[in-house]
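What follows is a pair of complexes built around subunit A, which joins subunit B in one and subunit C in the other.
This part shows the complex of A and B:
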């Protein structure tokens, strides 16, 4: 009896929302086509994909592609490069973003801090193609500004973008340059939320500026820092495809190739669709576990998660 | 905020505090230089005359009477460049329109708390977001749909961002329920409620999300590279990439077609020209994005 009335209540609710479901039709068709069909196509990771046979018609070969990938010599290299760039960027640019946020907040020269803030956000909106152009103007061996400075101090000009020693640094520095302002926003927002009474109390107690930062400012934004780090760890396998793709070249391949660039070349230049999909799937599965895991921790810490 | 400033103004009397203030401002000035120099050197490089003698370092302080606009004249007089600009605008307009057309109803439906099945719907849109199968499966789909060499192929696969949808949903959830309920009692359909009540109240968030989508479409080069083979369809980032990579590789572009400016000036000028729409839109973006991103981080 109870279930029956609940059922009729549900169907009444559904009927009441009939026009809502109408609104959903087109977005749902979109989601199924462009988000779920690719997941379905992901099955070719387990198949010997032949274009003529299509996704469904190709022969199942189990985990062979995964085995090929894990046993290959480039597996370790790709994983090492991917992690090197993600962690390198995290370790280098996160403290920079925090420092930028704190100095913008602490500075009493409003014009200066506002100018820095405005300029620092801007590069986030530029593409990596544009960034590549800026880096060329800056770093080119023959006619870049940086090499001019090196020459002025009597040093030897370097080909920063094509030498194995300098390339990883250029990747990490240019990412920091582009994104530090944007990453600082969330910390600036957290700083704005600090209760002014805390600073008044500190002043009454005779705290110095240093003590203020050490005992009020930093502890206040610590939860935000933890959450940002956790969320970044969730996407640690995304080392920045667009950036590497624009900046890398054959001479630096051994230190530049990350999982995503490899998938692109293997799949779309060498037409190894099955193998490339397997690697993409491998990365996607690990990425999903990491996101679920880090989000759970963030939620437990009382922050809001992605969903 | 103002209180804090008063407090620190009084506190800034000891020596340590003065050192602190000095270091804070020194760091900001340093950052200003670090951020501005690459931009400035690109801009001055783009105005470099053909017969320039001297280092690039000096070039950064190039006197205006030595400037040359040859690179810009060359670019603006080039059909390929103008066509690429036009293609980029097509992608921008088509992309933003499609994205908003799909995102707004989806976000609105997800924001209706009383909707049966809302939870499953949310899960349905989040699964593809956290499980990324990578490049090839989508490539196969686009090929199969016959979208190769269609402008649509550039914006359709990424037309809906789950993240943007969730931000918009949070905003819609914040609109008082009474407004919708009273309209429902009057017998208005959901589409009518969305158009007549929700949208006028949501201009800010729609602008924000539209700008986010727009920035993405304007900057995208990878999808265009994958899906557009025809030269006539190439958007600005692709052309820019070809120009930048054409040092000795003339198979990409006929640099000679760009007139008599030095090649570095052409490269820098095309970088600057590609960035101009972003720079023009930037004040609007800045006005809205803090609101938008904050919303996203506060509520989920």
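This part shows the complex of A and C:
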């Protein structure tokens, strides 16, 4: 009797919010098709995958692909480079995005702030192919703008894009430049949600701009910052394949080769889909562990958390 | 009403969930009604920047009417890497098309998987096509375990690149054409430091290049092969009976590395060379940045490619020179092998009984009707024949629809499936023309013929030799470039240490596998 009443209550609720459920269908289908169904195929990470034998029929080889990856000649370097770029981007790009969001939000000149916001978004829509062209025009040792300036001051031109010292910085800063505006959107949205009365009260009390940012703005958007950081940690082993694939060349491979570029060469180009899947699982497992661990730490420290 | 709506929603959701994975597996083998065979073809487009033939292209109808084939075509991506990924992704899902263009290295991975069908039986079924397209070398090109798994059609013309030098710069500086590696260095230095274009700026360099690495033209790639050729170290492999093996193990390779390092240290090579992609390199010579390069005949001399240089430098003149002789008298533009475009038939298509239909289609393409239709379009619409019977763009009612025009070139996208580098094609492809600004007479065909007279190194079959795994390949290419950039010090002791490390890491095994393959397949010169 109770079950029946609960059922009718549920169906009543569903009918009441029918439009919302309709909206849910498309993302639901997307996630089931492209995120959950492929989990079944993830088993090829443990198999010697042969297309004709299919996922189920291929021979089970256990952890062989994981061993191949971990024992590969460049494993330590790949992991180091991947983490270097992921953390580098997190450390540099995130504060810049927050800073940009606060600057835009705090600006009294609406037109100027809107213009800055639009200009900051624009690079996000450029592909890395175009970005590479821009970077080459700026940084080429022969006639790049930066080297022209260096030469004008009597300096010696540098091959920024093919030097192991400068390449990592170019990756990190070009990513910050490209994505800063786009990443700032979520923080601008969070800033919009702050109760204006807090600022008014602070102004009445004589708080300076910096004090308002420090004691109202930053604490108010802290939950969003925590969530963004946690989500980024979940994909910490994704260091930006498109960007590095476009920018790297043989002289900088020692600091440019990341897990994804290795997977592209070793897994996809060499037709080792089992190996590519194993690395994907490895990355996913590390990401999940990091999320669980960090979320628990953040929770224990009394801050906001993902769940 | 609401109940019905909910029921519909549930049904639609279930249908979508069930249907999407099915669709993601691709369309099943189709035999259309009335005995028409559907053939799905993934082709390499003749002009990657232009679109595919339109849906109402007359060719589709002719193929349907005459052969009872419903041809479904898809252009492969322009870059080889993207092509490989597309094909291998389809292969991994056992969803290869019936007929598809594929690089030999990728085919070598598909064969052990049982995903492609042998084609030996098809040659006899295509007498016209076999006579023009598939000689003994071609049949051997895609042979694995004694069976041919791909139809190797003639690809890019061999020996179609040359060492070019700015003759106007030589004249401005009163220099002769260099004939030895040391003379070449002197000219490179002069081109870099003596203002050869007389514009008062230090904005020129001697040599221009970029890393264009292939299976038989290993690091530093084909653009620098004339330099390595001077030291007898051109190409990934030495295919001579006496010295068979990887070139990197030869003394001459070290000498070539020293020479290249000198070029970098003295700044006589365009410093952007390691950053350039192909388009950047080509834009650079058209902007007059360097005076010596290895370039392809059409990329240099075809009308549209030469036009920007002609515009920028009406008095500029490139000439083709002999590759420089090194200290021991070696010289070579680089290694050459027979080039093929391989078309493979999926095992799935063979099981569906489509092989004979595919042979019928390919044979029709090789007939006069197919050859001209796919090569140039429809006579009187896309081309006319000149007095020598060569298809030309002139004389068609609407120039936009000529085979070189924006609306006409799309109907020739499949031309690489019918061309075999015959005279008609070459004359049509590379007509003699007068440049717009300098009024010079140019012909990419004349340039090609001259390039082919220079000294090249035969390396037929070198593209079929074993390739290293990704880690070894990286170690090989990265280390060599590090010797040049200075991250590793280039001296004999370090070089020997590196060679030993390379050997241990798999270089020796790669070398041995290559030599064994050369012997097994009678590839040694």
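Following the convention adopted for this analysis, the second predicted complex is superposed on the first by the 209 of 307 C-alpha atoms of A that agree within 3 Å, B and C clash if a C-alpha of one lies under 4 Å from a C-alpha of the other, contacts with A are read in each partner's own complex, and residues count from 1 in each chain.
Definition applied: contacts are C-beta pairs under 8 Å (C-beta built on N, C-alpha and C of every residue); 3 or more make two chains touch, one makes a residue touch a chain.
What you see is a predicted model; the values in this text were computed from it and never measured.
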item	value
First, second, both or neither for A:143, with subunit B first and subunit C second	both
Subunit B versus subunit C as contact partner of A:91, first or second or both or neither	neither
Contacts of A:130 with subunit B and subunit C, given as first, second, both or neither	first
Partner chain(s) touched by A:164 [first = subunit B, second = subunit C, both, neither]	second
Which superposed partner A:273 touches (first subunit B, second subunit C, both, neither)	both
Contacts of A:283 with subunit B and subunit C, given as first, second, both or neither	first
First (subunit B), second (subunit C), both or neither touched by A:257	second
Touch count on subunit A, higher of subunit B and subunit C	B
Contacts of A:73 with subunit B and subunit C, given as first, second, both or neither	second
Subunit B versus subunit C as contact partner of A:52, first or second or both or neither	second
Subunit C-contacting residues of subunit A that also contact subunit B	14, 21-22, 33, 37, 132, 136, 140, 143, 268, 273
Residues on subunit A engaged by subunit B in the complex (per definition of touch)	10, 13-14, 17, 19-24, 26-27, 30-31, 33-42, 44, 55, 99-100, 103-104, 106-109, 112-113, 115-116, 118-123, 125-130, 132-138, 140, 143-145, 148-149, 151-152, 177, 181, 185-186, 189, 192, 194, 196, 199-200, 202-203, 207-210, 212-213, 241-242, 245-246, 260, 263-264, 267-268, 273, 276-277, 279-281, 283-285, 287-288, 291-292, 304-307
Subunit A residues touching subunit C - in the complex, by the definition given at the top	11, 14-15, 18, 21-22, 25, 28-29, 32-33, 37, 49-52, 54, 72-74, 132, 136, 140-143, 157, 159, 161-164, 249-251, 253-254, 257, 262, 265-266, 268-271, 273
Interfacial residue positions of subunit B with respect to subunit A in the complex	1, 3-5, 7-12, 14, 16-17, 20-21, 24-25, 27-29, 31-32, 34-39, 41-42, 45, 55-57, 59-60, 101-103, 105-106, 108-109, 112, 114-117, 121-122, 124-141, 145, 156-157, 159-160, 163, 166, 189-191, 194, 215, 218-222, 226, 237, 240-241, 244, 264, 267-268, 270-271, 274-275, 278-279, 281-282, 285-286, 290, 293-294, 297-300
Footprint of subunit A on subunit C - complex, ascending	2, 5-6, 9, 12-13, 16-17, 20-21, 24, 81, 84-85, 88-89, 91-94, 106, 109-110, 113-115, 203, 205, 211, 219, 270-272, 274-275, 277, 280, 289, 347, 469-471, 473-475, 477-478, 480-482, 484-485, 487, 505
